[in-house]
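Letters A, B, C, D, E and F name the chains as they come in the text, with residue numbers starting at 1 for each one.
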Amino acid sequence: MIIIITNTNLNTGTETSARADKRAFDELRNLKIEAGVLERADGSAYLEMGGNKVLAAVYGPRELFVRRLMQPNRAVLRCKYNMAPFSVDDRKRPGPDRRSVEISKITSDALSPAVFLEKFPRSTIDVYIEVLEAEGGTRCAGITAASVALADAGIPMRDMVVACAAGKSDGNVVLDLSEVEDKEGEADLPIAMMPRTGEITLLQMDGDLTEEEFQQALDLAIGGCKKINEEQKKAIKNRYGE
Amino acid sequence: MIIIITNTNLNTGTETSARADKRAFDELRNLKIEAGVLERADGSAYLEMGGNKVLAAVYGPRELFVRRLMQPNRAVLRCKYNMAPFSVDDRKRPGPDRRSVEISKITSDALSPAVFLEKFPRSTIDVYIEVLEAEGGTRCAGITAASVALADAGIPMRDMVVACAAGKSDGNVVLDLSEVEDKEGEADLPIAMMPRTGEITLLQMDGDLTEEEFQQALDLAIGGCKKINEEQKKAIKNRYGE
Amino acid sequence: MIIIITNTNLNTGTETSARADKRAFDELRNLKIEAGVLERADGSAYLEMGGNKVLAAVYGPRELFVRRLMQPNRAVLRCKYNMAPFSVDDRKRPGPDRRSVEISKITSDALSPAVFLEKFPRSTIDVYIEVLEAEGGTRCAGITAASVALADAGIPMRDMVVACAAGKSDGNVVLDLSEVEDKEGEADLPIAMMPRTGEITLLQMDGDLTEEEFQQALDLAIGGCKKINEEQKKAIKNRYGE
Amino acid sequence: MVHIVPEIIKESVTNLVKNGERTDGRAFDEYREISLETGIIEKAEGSARVKIGKTQIVIGTKPQIGTPFGDTPNVGVLMTNTELLPMAAPNFESGPPDENSVELSRVTDRCIREGKVVDLEKLCIVEGEKVWMVFLDLHVIDYDGNLMDAAVLGSVAALMNTKIPTTKIENDEIVLDYENMMPLPINEKALMCTFAKIDGELIIDPSLEEEEIMGARLSIGMTEDGNICAMQKGGAQPLDREKILKVVSIAKMKTAELRTHLP
Amino acid sequence: MVHIVPEIIKESVTNLVKNGERTDGRAFDEYREISLETGIIEKAEGSARVKIGKTQIVIGTKPQIGTPFGDTPNVGVLMTNTELLPMAAPNFESGPPDENSVELSRVTDRCIREGKVVDLEKLCIVEGEKVWMVFLDLHVIDYDGNLMDAAVLGSVAALMNTKIPTTKIENDEIVLDYENMMPLPINEKALMCTFAKIDGELIIDPSLEEEEIMGARLSIGMTEDGNICAMQKGGAQPLDREKILKVVSIAKMKTAELRTHLP
Amino acid sequence: MVHIVPEIIKESVTNLVKNGERTDGRAFDEYREISLETGIIEKAEGSARVKIGKTQIVIGTKPQIGTPFGDTPNVGVLMTNTELLPMAAPNFESGPPDENSVELSRVTDRCIREGKVVDLEKLCIVEGEKVWMVFLDLHVIDYDGNLMDAAVLGSVAALMNTKIPTTKIENDEIVLDYENMMPLPINEKALMCTFAKIDGELIIDPSLEEEEIMGARLSIGMTEDGNICAMQKGGAQPLDREKILKVVSIAKMKTAELRTHLP
């Protein structure tokens, strides 16, 4: 017996507009950020971007019980990125897989440069990112939310960290790939940056880009980051007032 | 190719007597308890009840090496309930599953109130329960045996703990469900109590009972516990003399 | 749909010569040992024997972080035997299985008698054996290589340890079973010894041997060990000069 | 990780209870504020977010087509999994489910299964061959006590919110019709009501502060007609028979009250 | 966990051995008291309880129908698993099998497999498709030394005690006839005999006290006709050739003696 | 395990870089000595040993017939697995892959997959039913920095060295013809080039000593026509836009240079 699935709800037809969701090449998806959404965590943030729904929580600085991770002259910033089983079309088995282990690592690297870790020797700052719903670009959404959660926790930072992807889809270099564009597109370039100095704290790429396209995409992503950073600042302002 | 199994040995036919094994509604299955059956353990007991065969062993009070479990003002009573792979019709894979993790936890809660844990700060009392053969009601059998093993180990206790289930089968509230009654019945209510004060230390229920049936079943189980407690006392007397 | 595999490359036909590879009953396969093949390890060796390719590396004596393994009056010699996924015809899943756990244990027992462990209390000497390609007799190859790696690491030893198997194949007691002889033969007897005193530090057997055949095989294996030991000495000489 | 509660908090909470009071001013049989939203995760076939006080759980369902168990060839399968996320409390750790998480999963599952919330027989597609398997995943994101009542309330809401495609058999093939979605067949709205024993009293819906000092806990699952479908005692203190019988009666009223929060 | 033996015990046991004596008065080639019961677990298709001195193992078998390995399409499968239960000794821990447990499983399995105890070819039902897989589970409940000999003796007894339904093929279906049970096809009663090296002597059936101070261990598996089917040396001291040859001869007599305990 | 680098080494390496020098005398854009052998493991269908300086990796491939993924029914499967063996460095531990090992696996896999090194569509045997699955296993045996470039270079070499039997369908059966072996269909030789950031400079092919003190790392995967197929930044320091654009240009030249080492 074979199972046929008809009328699937994934609309991947051949759209005639430049982008499936009618966005301009440099247009972000709808974005909403809220700080301070959880009670127990020291800091937290909720972010929606397109169909992505992401929660970030921060605990710390606090005592680090795993002695072999301890740093004598600074705090360790540890990250756990996790997808809820119901966040994707086919249920994801609970627990870390290779993808989430990698994303946790690069997220930690992306956030660390912005935090004054050296103020908290021998301790840990723990960042937990939960993807409640995924629609392309969850690693960037998680970093952007985590940075707001760090601020909400009152962790001293040099700058915010903000993340955004650019990429290539249907032959065009475009900003903030949706799930369909990510899956069917030619390249994906997620970056994170500190907006004040413009320094890049996360950089990954997969696909196929010429050197010129890479530069275009990089600059598009940098521009996207700057816009998103405005929303981060608003979220913090909404939480704490001017 | 399909496998057909004929003449299965599980006799689950429609019996005409009130209970498949002809017991009265308030009648326990055959019960046998023996204390001091193992050499290495500080205390031990073997229990047969109907087709159940259960072994309990106690080590402690002893040093607790897992620092994060240590209690400054009392001992921790830890329980491991485990089923032998050959104890059930279809071989059980070795190692803990969710069911055994839950039973271990509630067994520990069921035994703890009876033990003078406060006499042994920073230490552990370890209770191991092995189900060698299972025929309905192993968690109660395990608690009853473990309590005898604790006494055999010379652990100071306020009272014994004794466990027994009542439930509903074929529309009747009955004592000490057999495996068939448990599987096909309408409700199962395993309890544990300290017979001296009548206080309940374990209480679980699943199925469907009215408030009145619940009270009936609870009282039936309490009565069963009292009878079983006589056998516990005999087992200890047999071991140590009057 | 059924998968048929034709023309398999494993030539296991009925050879008419006494041994499939024409060796005499007491003849070793081609042997090559090289000491000092890795940079980071404190000592290392590479060994080829027939189709076997084995790498051994030694770290230590060094601090032992697992407190519960620590010995107050001597070093612990720990062994990890591991097969590369590509070392066998059907890919081996990475990570330890029951076979490699057992071989690691007996390898550690085989090497320990030769090392002056008592000179390094509270520390560990770690031996890692990687089978890059397996063709029958990898545990012996691993022990032989590990002993050279221990010498290369400058660990003080009473003697080398050298290992070799004998067995029974096609009714004959023969030395150094090849993969085909091991799989299709009647018995396998891997041993390790310290050549200076002739003492046996590893002894395993499986198959079917009379008492007389066992003695024959044991003496054959002892003879094989002595020959292999000459190659061990050459390897060390090549590395360090006369 | 063991969390040591200062003796002073224990004393103050206990003294309040002695005087018939609670730290947040509630009556002994009064729930904290409850909120319940459904349909919050579009990719989940059913979802809910439940809050009891500051405790918060996000729940999603994922129906899949699978093979029935050998002994129940015409019955669908419900799988309940709970994650006590490290974001929910400073002492929750990453890793495989610990005993508290396992207990929460199993008690939630038991209340829903024994309360016959979902009509699992209607989830059979081809007897002995294909049934719907419904994965119910609970994501605990904020922990302030009484997870069990929140877990069951939210789970029932998420199941009620769940839609699956209708199926038909055509030429020996199962055809899933995504244009005609149907709700999961819901039989019953069994809910759970939890009491904490503090200083001999059994008080409803314990907050974290109360859980940390309670001697025992009793959770009672009840169907709409007031029958008991599940019970679970926890904690190292005993309960006496009369108190148990009393709170069963209270639970009947309070689960009816909880039920008004369902859509 | 490492168990440090006080130097004084080591000395006293060693001094006894020097004088040709053992702590419990046995001769060097004398087993402790042995007891063996079979059929003790009704739900297991075969079972045994074996005691050698105070060492005690409960063993059960579970035959299942499964798929043969690709390279042996007409041969049944034997799977041996050993649990060194934490109840058996204060230093045994819960968790996945450690190296001692793995070694015990594998050596027991090897002695039974290489000794051809079960005629595995008779366990083929349909070549290349279905064979009997016999799970042999050893539950070590009390540990006082010499697990290997007890494990093999009890396993052979449990296998001899095992009954499986007869099978026939009807209309391309396998029919299991539970009214006509048959014993597992037993070929051979291979048993194992273990020696401990203390002060240069090899003494049989070491007790725990002796195991804790022994320098090495040698286990020898033997078939009824006195052939060797398995050997395993353990421990960090070497053995010399002559001692090995000598104890092989002793093992022949002692396994014959052990065999009288089988039903 | 965290490895603390003495402050003095950090200073001396950094000071050298300030002066445009490196500890081993190389230029900033100069690779260490590279060696590459293939076909070194006969039982592997493809294999390679790669050395960059003292870093050494042995790589083997194992093709198996398996089922394609549901969403790519006519595409073969490539599975990359990396073992950072404890023999390769004193601080590498046994056990399941840690985050460094996972990152190395995934970045290697990404460069090869996105660089379209293997023509996976040609590995389909029967659409939706059977495809070749190629397991690519990297065994890191000696670690002296810059694993990523070595991993990709060796992997491409091992894939180029891989042979699989030709297949045909006869009477609805797949017949594997081992007498007519064919190489894996290779499309492209994408390679990776890694830079370390030290004192603001980006220097190529960092040695272990340099990796231990670097602030960040940037790896760039490039195809033969100089397009970028993969990138990965690591480390806790940021990079600036201009430096990134500059090293992308350098990587184009250096991957072409690396490519000359392929057979």
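In the analysis below, contacts are C-beta pairs under 8 Å (C-beta built on N, C-alpha and C of every residue); 3 or more make two chains touch, one makes a residue touch a chain.
This structure is a prediction, so every number in the text was calculated from the model and none was measured.
With steps allowed only between chains in touch, the distance from chain A over to chain D comes to 1. Any chain touching chain A that also touches chain B appears here: D. If you average the Cα atoms of chain B and of chain F, the two centres end up 57 Å apart.
With centres taken as mean Cα positions, chain D sits 26 Å from chain B.
Work out the mean CA point of chain C and of chain F, and you get 31 Å between them. Contact topology of the protein chains: cyclic, one closed ring where each chain has exactly two touching partners.
Chains in contact form a single ring whose order, set by starting at chain B and proceeding to chain E, is B, E, C, F, A, D.
Chain E meets chain C in the complex at residues 1-2, 4, 97, 99, 102-103, 105-106, 110, 113-114, 218, 223, 226-241, 244-245, 248-249, 252. The touching residues of chain C, when paired with chain F in their complex, are 1-9, 38-41, 44, 51, 53, 55, 57, 59, 62, 80, 82, 84-91, 94-95, 126, 128, 130, 132-135. Within the complex, the chain E residues that touch chain B are 40-44, 47, 54, 56, 58, 60-62, 64-65, 81, 83, 85-90, 94, 96, 126, 129-130, 135, 137, 139, 141-144, 172-179. Of all residues in chain B, those touching chain D in their complex are 68-72, 98-99, 101-102, 104-106, 109, 112-113, 189, 193-194, 197-211, 214-215, 218, 222.
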